[in-house]
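First chain A sits with chain B, and in the next complex the same chain sits with chain C.
Now for the complex of A and B:
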């Protein structure tokens, strides 16, 4: 699958066309290591020197992509990327089995689980501000969540979605996406489990 | 898969996302471990949170049990929030409290120490509220007697 999606070019405030694709390869993951990591580390060092504590710098689970090649071949795992200007702008790994809803009103029902979602550091304003540059494209995170919701609809899960949000990402998932924060998950380093009901997913899609 | 092509929807969503963090898993695990520490002391804010909850509950003349039932909150969790200011409340509980009392969700989460406060004035105003809302009614005869006895006990030590 390769389809055109819009992102917002921050310099003009206008939509530009990007490519959404699902034939993600190990090369794409290696590209995130090569292109994203140095920028993230540099920004993080500057934030630390500026007096910000590590806890307000993005915290992430450890993901060693070089060991994830097997994941690419598993049918229950779906990988999506967004590319613009020959660069990866965001990546997501979604799972269609292995997790169920936890909200009381839909407990036990199947959902799409967001196992990984990340946007390129040049699209994250706090990191680029630390580096003295403007961020590049807006709406990449929104597009990746949209993909997850649409996959959930296609799978017959009616938009039900679940994920473990990092503390720094909670404002995005709870306030911007309006997911329900179900609570900390002791089995996942107390990260907050957030969930979409079908009605919330419809609201997110603007239906 | 058909994606939304409405540019207004995209602009609105992108504006709300505002270049903030969206990560689920990912890079830079070397930099910081997942945690809930914020660069402010959560205790004074939580004191304001507990006082706010207490006053809103009394405003509606609800016992803790009635509030737990009406707002669909676990009573034990509500009791802990009311009695222990060091207890970190469950996020869902705070969201249900916000919904029940029609309070904005994000500031209430910040007050409960679950999200980073937006600015310094938030902490200042919350402290001011907590201090001003302390009860000043006269002691009952029983309270007065208990206080005197306890102060005497302290003095004799």
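Now for the complex of A and C:
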């Protein structure tokens, strides 16, 4: 699958097209290591030297996609990437088994679990601000959440979606996407479990 | 996404198997096809992890009991 999705070019404020694809390969994983990690480390070093707590550093930056090659063969996993200007702008790993809903009104029902979602560091405004550079594209994370909701609908899960949010990502999932923060999960480093009901998913897609 | 081509097959089930499929379908708010697809994915996932040497356990915290599930 390769379809066009819209992003915003922050330098012009204009909408631009990017490519959403699901035939993610190990080469895409390697690209995150090669292109993304150095920028994140540079920002972390700069913030540390300046005496700031690098709280804006994405806490999943240490995630090593190259260890996930075996996951590509599992039917339970779905990978999606967004590409623009020959560069990977965002990557997500979704799971269709292994997790169920926790909100009381839909407890035990199946959902699509967002195991991992990351956007390229040059699309993270606070990170690029720390480096004194403008960020490139807005909307990458939203497009990836959108594809997760659409997968949920397609799987017959009616848009139900769940994830463990890293603290730095909570404003995005809770405020921007309007997911319900169910609470900290003691089995997952107390990360906040967030969930979409079908109605919330509908609302998200309809915006 | 609905982009992936799907193939159709006939599935022969006993009455008991069909009853279980219907129960799961109702409980999980899924179509029967979706239940079967979930089952295949779960089976593949479990099989892959067991093949690489991991074990699958059920744990009852109240009874402090833990039992390994053997998967064909």
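Structure notes:
Keep in mind that, in the parts below, the second predicted complex is superposed on the first by the 201 of 207 C-alpha atoms of A that agree within 3 Å, B and C clash if a C-alpha of one lies under 4 Å from a C-alpha of the other, contacts with A are read in each partner's own complex, and residues count from 1 in each chain.
The rule is simple: a residue touches a chain if its C-beta (ideal position, glycine included) is under 8 Å from a C-beta of that chain, and two chains touch if they have at least 3 such contacts.
Predicted model only: the values in this text are computed from it and were never measured.
Contact comparison for chain A: of chain B and chain C, B touches the greater number of residues. Of the two partner chains, neither chain B nor chain C is touched by A:186. Applying the stated contact rule after C-alpha superposition, one finds that A:76 touches chain C and leaves chain B untouched. Look at A:1: by the touch rule set out above, it reaches both chain B and chain C.
By the touch criterion stated above, A:96 is placed in contact with chain C alone, chain B being left untouched. By the touch criterion defined above, A:109 reaches chain C but does not reach chain B. Once the two complexes are overlaid on the shared chain, A:151 sits against chain B and chain C alike. Applying the stated touch rule to the two superposed structures, the overlap between the chain B and chain C interfaces on chain A comprises residues 1, 147, 150-151, 154. Residues of chain A that touch chain B in their complex: 1, 3, 5-8, 10, 13, 15, 20, 32-33, 36-37, 40-41, 44, 52-63, 93, 114-119, 123-126, 128, 135, 138-147, 150-151, 154, 163-176, 180-184, 189-192, 205-206.
Residues 1-7, 9-11, 13-39, 90-93, 95, 105-106, 109, 114-116 of chain B are the ones touching chain A in the complex.
Of all the residues in chain A, the ones that touch chain C in their complex are 1, 22, 70, 73-76, 96-98, 108-110, 147, 150-151, 154-158. For chain C in complex with chain A, the touching residues are 1-4, 27-31, 33-34, 37-38, 40-42, 44-45, 48.
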